[in-house]
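Chains here go by letter, A, B, C, D, E and F, matching the order in which they are written, and residues are numbered from 1 within each.
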Amino acid sequence: MTLHPSPLPAEPHDGPEPLGPVNSALVPRFAGPATFARLPRLDQVRRADVGIVGVPFDAGVSYRPGARFGPAAVREASRLLRPYNPAQDLSPFQAAQVVDAGDIACNPFDIGEAIGTVQSTVAQVAARCDRVVTIGGDHTIALPLLREARERFGEPLALIHFDAHLDTWDTYFGAAYTHGTPFRRAHEEGLLAEGACAHVGTRGPLYGRIDLDEDARMGFGIVTSDDFQSRTVDDVAEELVRRVGDRPVYVSVDIDVLDPAHAPGTGTPEAGGLTSRELLGVLRRLAAAQIVGADVVEVAPAYDHAQLTAVAAGHVVYELVTVLAGKVADTR
Amino acid sequence: MTLHPSPLPAEPHDGPEPLGPVNSALVPRFAGPATFARLPRLDQVRRADVGIVGVPFDAGVSYRPGARFGPAAVREASRLLRPYNPAQDLSPFQAAQVVDAGDIACNPFDIGEAIGTVQSTVAQVAARCDRVVTIGGDHTIALPLLREARERFGEPLALIHFDAHLDTWDTYFGAAYTHGTPFRRAHEEGLLAEGACAHVGTRGPLYGRIDLDEDARMGFGIVTSDDFQSRTVDDVAEELVRRVGDRPVYVSVDIDVLDPAHAPGTGTPEAGGLTSRELLGVLRRLAAAQIVGADVVEVAPAYDHAQLTAVAAGHVVYELVTVLAGKVADTR
Amino acid sequence: MTLHPSPLPAEPHDGPEPLGPVNSALVPRFAGPATFARLPRLDQVRRADVGIVGVPFDAGVSYRPGARFGPAAVREASRLLRPYNPAQDLSPFQAAQVVDAGDIACNPFDIGEAIGTVQSTVAQVAARCDRVVTIGGDHTIALPLLREARERFGEPLALIHFDAHLDTWDTYFGAAYTHGTPFRRAHEEGLLAEGACAHVGTRGPLYGRIDLDEDARMGFGIVTSDDFQSRTVDDVAEELVRRVGDRPVYVSVDIDVLDPAHAPGTGTPEAGGLTSRELLGVLRRLAAAQIVGADVVEVAPAYDHAQLTAVAAGHVVYELVTVLAGKVADTR
Amino acid sequence: MTLHPSPLPAEPHDGPEPLGPVNSALVPRFAGPATFARLPRLDQVRRADVGIVGVPFDAGVSYRPGARFGPAAVREASRLLRPYNPAQDLSPFQAAQVVDAGDIACNPFDIGEAIGTVQSTVAQVAARCDRVVTIGGDHTIALPLLREARERFGEPLALIHFDAHLDTWDTYFGAAYTHGTPFRRAHEEGLLAEGACAHVGTRGPLYGRIDLDEDARMGFGIVTSDDFQSRTVDDVAEELVRRVGDRPVYVSVDIDVLDPAHAPGTGTPEAGGLTSRELLGVLRRLAAAQIVGADVVEVAPAYDHAQLTAVAAGHVVYELVTVLAGKVADTR
Amino acid sequence: MTLHPSPLPAEPHDGPEPLGPVNSALVPRFAGPATFARLPRLDQVRRADVGIVGVPFDAGVSYRPGARFGPAAVREASRLLRPYNPAQDLSPFQAAQVVDAGDIACNPFDIGEAIGTVQSTVAQVAARCDRVVTIGGDHTIALPLLREARERFGEPLALIHFDAHLDTWDTYFGAAYTHGTPFRRAHEEGLLAEGACAHVGTRGPLYGRIDLDEDARMGFGIVTSDDFQSRTVDDVAEELVRRVGDRPVYVSVDIDVLDPAHAPGTGTPEAGGLTSRELLGVLRRLAAAQIVGADVVEVAPAYDHAQLTAVAAGHVVYELVTVLAGKVADTR
Amino acid sequence: MTLHPSPLPAEPHDGPEPLGPVNSALVPRFAGPATFARLPRLDQVRRADVGIVGVPFDAGVSYRPGARFGPAAVREASRLLRPYNPAQDLSPFQAAQVVDAGDIACNPFDIGEAIGTVQSTVAQVAARCDRVVTIGGDHTIALPLLREARERFGEPLALIHFDAHLDTWDTYFGAAYTHGTPFRRAHEEGLLAEGACAHVGTRGPLYGRIDLDEDARMGFGIVTSDDFQSRTVDDVAEELVRRVGDRPVYVSVDIDVLDPAHAPGTGTPEAGGLTSRELLGVLRRLAAAQIVGADVVEVAPAYDHAQLTAVAAGHVVYELVTVLAGKVADTR
């Protein structure tokens, strides 16, 4: 949409080198459409290695709503991202064709229908992008994303789940599918690899000790936020990598894993969380695992300030995309 | 960029009916890219009747900067606009092919270069869109926009200028081209039709009585904001229409013409301004004049709250586009 | 909950004089629980003339969610309300027993169930309070409120509907019950008195001219926001009173009838709205009609600033309660 | 404090022409210390015609505190004021020597002591500045300001009081001196001229009808905010000028006379208030009365947004200073 | 006040099991009155083990006021708290009867009177609740709270004081009782156990080295915020527990002990503070000491964002209540 | 400008003891003009040891503008600073004469001219103040500040540069002088001591690996923000002190070195940054090096909340001034 210096749309890109983001030395970062990191749209390339897709849906939230505006906010905050990731020593948009695949339009009034739409549409995206990173939306969407991944990869997935909360509750107001239940449902449906799943960053009050007992029974490991006071980021990351082994791994990041100081723009804030430096530190070190898909959810911009939360979420997506792009590069 | 229900990009539209905005009963308003009013991009159509273009530039401001983020903010706030304008009894996006022509990328460090870029690029847009409405950016850009319009229409333009300020000052820090001087420069360059120009909504302190004297000498009429306390919107609009006669008219709306209560997100707020209802009321009634181009400038989102200013600016653009679309319809 | 000077709860009040609000010359306004206007709770009195009830529900919104926090925000902002209304020359809490009846707890994940809960619970409230004023929540709740009122009063109701929008749309994403459709459903179900209904303050774009045509076919009159530029508040109020005649009247106030400058904290803002002075002015003058019930909806606090919107909504409730209390006083 | 282009402090100014504000064409408005309108300090001149003094005191507030930060906020927002007032056709800083006289430091923990400090210190200011305009602070300070004025002018003063509230209440928590009582105390102490006082812009609930009765008994006239819906600004101003006659007039402006949309940054907001255009309009027309002193109070910046309230208050001060400067000019 | 599913108030609860909070799986967290953690009111039970009481008082602050709104804000933010505390492995509301005892209404205009009211009223609360946790208000209130505790427990108390500041200053503007002096007064009055008191988290500039010398002379120990860069939470907590020994301990938490990033909503922010994770970590580990009372003060909501500060304060209260409830459980 | 208790300006101070800040026990912190830490102005003393000067300039920014309001915001937030620094055990304003030297007024429309003005004006300041600490403004100004320091000290300077970014880029839109390039220009011009320069706190994406290679070639060392996860503040500070040796050292602090949680009010935020405690900790420990000048830049108040960023920046200035004052004290 930027007119200068190259106003006219090209044919879908099909060259040997990936089509990269807009050049910020020629077009100011604040100009032009806010695709993620100013990357090309999916329809501007023949095919892609990594697709970033938004799911603006928040009908599954139990407290502060607003994550439906999350994808737009994260994209807007991602204008500042540059193409080389020094922490992983990789230029992800050169190593792989990364694109913004747009938003999945789901029914805001019907959770069940929306879950179906997410699963079927992300399958369409996956048909054109080898790997998908999703920006939510509330955590309800992790279920259809795991269903689709389970189907596509042909086996249950290991899960590394960053969150203040367990999200393995059963029902709420009789509803089975909400943002507090996706991983219990996923466990019940056999989407998750036994003994290869972990929560990271949990804290704050629960309903009862039974919450922990049932969670343990489902086979989840836990690294609490408090654990980070006595353990290093390296140490935590190594444990996580060990736990998932060589299985395909799905990473799900609820932005409320961060302390509210680092992520005020979310729906169910709990004091005592991770710093963004800790979260990014762990994520980078997960490059040692076989990450195959990821999501970042629960950014609620109405509660954000100065894009604090959206910037953090954008960096989370960027680190995850770098990990995925690095795997593409490795296989070339 | 919206995947569902129609994920794949079409050929540039070339049918007998205009290509309209995304259907909000199928794709939620908060999903998909924020083109203005969710209209198609310029590159999605063969040609257009009205093009909306952003100029994210604010190096010409003397007080609070930030209007460089104006185009993105106004587009985001325009997601709520629907396709039928009851106040003008017209569906502008049916009456004419309206598109979002993207942003003009200008050098943020060099006012002179930026002015040149705006003029040349808007000329390229005008080659594909009969009429152009520009979203700023600071008021500096009115000068290159008027230069281009003067050239394209082959005659000086009448001007209806909504603003708290006169913007006919001479220099500031020795600089001739800033957001306080565009209409003096335009007058000096012969871009404006003698006796057919007016300021609307001015108020607040000036540097001296000479500001008014010189402005009057340049032939501008003035309807102050205070005048709206004793005159009706109809009355004001009639005077303006009379003043411009049948000349081609350019409308320039500095959003600070609104009271800071209605437009906090701007750079040089002055108490005692218009309500958004008054501004929209006058604009609609300008359909009786020969409007050929327009801009809306000085939206500084960092000072906005809950999109108040951006929503107002979006409605201003919508009324102006409706006027222009109505003229297209009349000539068919 | 205030300990000083009277810490202990009394028996439910049953005296000849109504139990009034907390005395602000003894207990600061910022102390103690935020019942509406610091009035007693329903369970503190034997019965009441007017009950104020909250419906924290917003699953029916199509754009910005958050009205679920509306009742709490309006109550918090109502701490400043004093007991004598000079504009209507009445002390409503002396003229009638007014209470805060608490919130109706509805399922946030199931619109249909919630609509049922609202209707049945408000009926329970109405069994103990002759008149009910409801604080939303989104506009979806007007339907069950009208259903209950229709049943209780035994006849269709006249409706005076303050809103930027018509809210007589048909469906949205296939959903029949949302915040954009309550009055079409109410019309279809025969809840509304033919020819005795009106929208006040509408403005902004629609989907098509058919929206107006169908609305007119359903018998609604319209006073647009723009009409207030040429008509006085007296004039508008008189027309409304004439229109509803001596039928029982329900008043529904979507706070977005106010200009976003006066009510930023709402979900679907439209520029060019009413001032709070205009809205309160019309409401007071409706004392001449047979108001029997009312709601104030769509306050979304996450978008509010300095309680601007919540204060306005609190004043709206206060004027409506005064009207209802005045009718109680008249019948004594 | 601005180094460039004239870094060094001069001797106190004593020339035939007043020492004016910093030249904004050479020193940007955002540079240098925020004296009111960038005027000289009192210590930079031998004597002054008009002194602007701050009273950062808010221990007398009954609801939201914070007006102690009012003087700093109003000065900061006054950077934008230019030296010529077109609405009154006067350059006030040329017509008279106007200065910023600094702040009065009062004890924040002892209302009685603070009242004494304000009276004695403002008398010191008045010894060097013929006329004083005060920026509050909460409305408690109007009492010592009126005491000092009564003494200095040797007769009771007429009062034009802009406020949402009457401020003639008696006590609050047993306290006689708060922001709700200054004008009752002033009446009791004989500071006010009988029958020459009026409230303008009142609205919102009171404690009882007795509030109005007692206020009337003290001789105050009232122009409510609602009256502005049917009366013009000219009409209201004329009535006020008639009422005060040729007595010395004190003008006290509680910024909450503005609607919360125009002045969110205040402590006891009431919906339905004046626009800033109405307030400024009336103030200008008071040039016909014998204004001798004024205050602007109750700006609470913590609740402000984008300096909305502070800009309005700055304009109020500017109009009042222009009126006072005009009288100086008239007597030369 | 919640109508559904149990609308009617019960007799004061007197069963063998404590009356717990509202069930959030049936009544949404955003519905109903905001008692702390949605617990019952004191008047709903016969007696309680732990009472939470608010003191909305801030006349003792020296900089940003607003803590009078602290109790309401902390309660509102406490809606998210769930009944099981995994960090202490206890369900505090099952282990003990915990209630919200309401607010203490104190004179906002007279510090001396307010101090008296706090002491006498909290004694009344303590007559019905074995242990009291107080939510401020400014830190002035720690003095009457310590006076009452000293009296009730019959011996001087050990003190663990979390704060950026020492709060052992002498006078300010000649005032002996302000938010900067409570612990010097408490020391002078013999309320504190010699050698068993400590400040935690101090940092930032002081008036002079004498501040530290006098503080040491009064017997306070200090763990600075900077110390947390080289010491673990375990290490600090152990030192504190050792220091207080088996004396009854009062814990006073000024929320400004947190870094402004974690607690922007406070009156005298100092950079370089604790994270909420560090603070909560230390508090939990204080379960090893004989905590008998506590307060959390200086939450000033007007400066908060997205309830950041209030959420942190709510968690602080929750940890302290859990500690106290655990001691009740231990003695059963 | 404070009237009470000492209203009249004195002769420039010339006593044996430095003229200190306003006494906050007599004049409330919120009263009087906001010089830095309420220190005297430069024109109030004969000469000074340390001068604090503002440069309100931001025309060199590439993303969010607004740092032109930085000096005013930092001064306003510095009202809370007290005169004794316990972390360095020094009363800097007693140890040395510290003053606020005001702002440098530069042309906001011409980067080249502004750079010249900064250099020449700071030289004038340095003629009266032995050491200068500058508050920006954007990072462009580091170049003229280094040019002046290079000239004044007669040798290249060691540099300790705290920043999220390298700021050694070459050009941007063809512009050589922007906020992203000062240290490359300084290197090219020979202003920096070879091998004695380091970046601290860098993180986030770059344009390419070449950015790091070229930076290393210019001789900069790097301590990344991530390094702080495994290294102590002592350790980092020692490395920096070793690196600069006994050369004269310039410290440049871009406030975006802090995590956006700690410094939201800045123009190019990057997640994963330092805490304010870490930054202040390192700065204090730099007292062991030969610091001769410093700046703190990139505070953009429009994006700040509750003065979070400005308070942090004020503390940074305070620590740097303490270091400089300590060196003055050492030489006496």
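By definition in this document, a residue touches a chain if its C-beta (ideal position, glycine included) is under 8 Å from a C-beta of that chain, and two chains touch if they have at least 3 such contacts.
The structure displayed is predicted, hence computed values, not measured ones.
The greatest centre-to-centre distance from chain C, using averaged C-alpha positions, is reached by F.
In this assembly, D is the chain whose CA centroid lies farthest from the centroid of chain A.
Taking each chain's centre as the average of its CA atoms, chain C and chain F sit 55 Å apart. If you average the CA atoms of chain D and of chain E, the two centres end up 41 Å from each other. Averaged C-alpha coordinates give centres for chain A and chain E that are 38 Å from one another. Residue positions of chain B with contacts to 2 or more other chains are 26, 28, 30, 62, 68-69, 108, 172-173, 259, 261, 275, 303, 305. Of all possible chain pairs, the ones that touch are A-B, A-C, A-E, A-F, B-C, B-D, B-F, C-D, C-E, D-E, D-F, E-F. Looking at the complex, you find that chain E touches chain D at residues 58-62, 64-66, 68-69, 107-111, 172-175, 178, 302-303.
Contact residues of chain B toward chain D in the complex are 62-63, 171-173, 203-209, 211-212, 225-226, 228-230, 259-261, 264-265, 268-273, 275, 303-305.
Chain D makes touch with chain B in their complex at residues 24-26, 28-30, 79-87, 89, 91, 232-234, 259, 261-262, 275-278, 280-281, 305-308, 311-312, 314-316, 318.
Taken in their complex, chain F has these residues touching chain D: 1-5, 7-9, 26-28, 30-35, 41-43, 53-54, 56, 68-69, 71-72, 76, 100-106, 108, 117, 121, 124-125.
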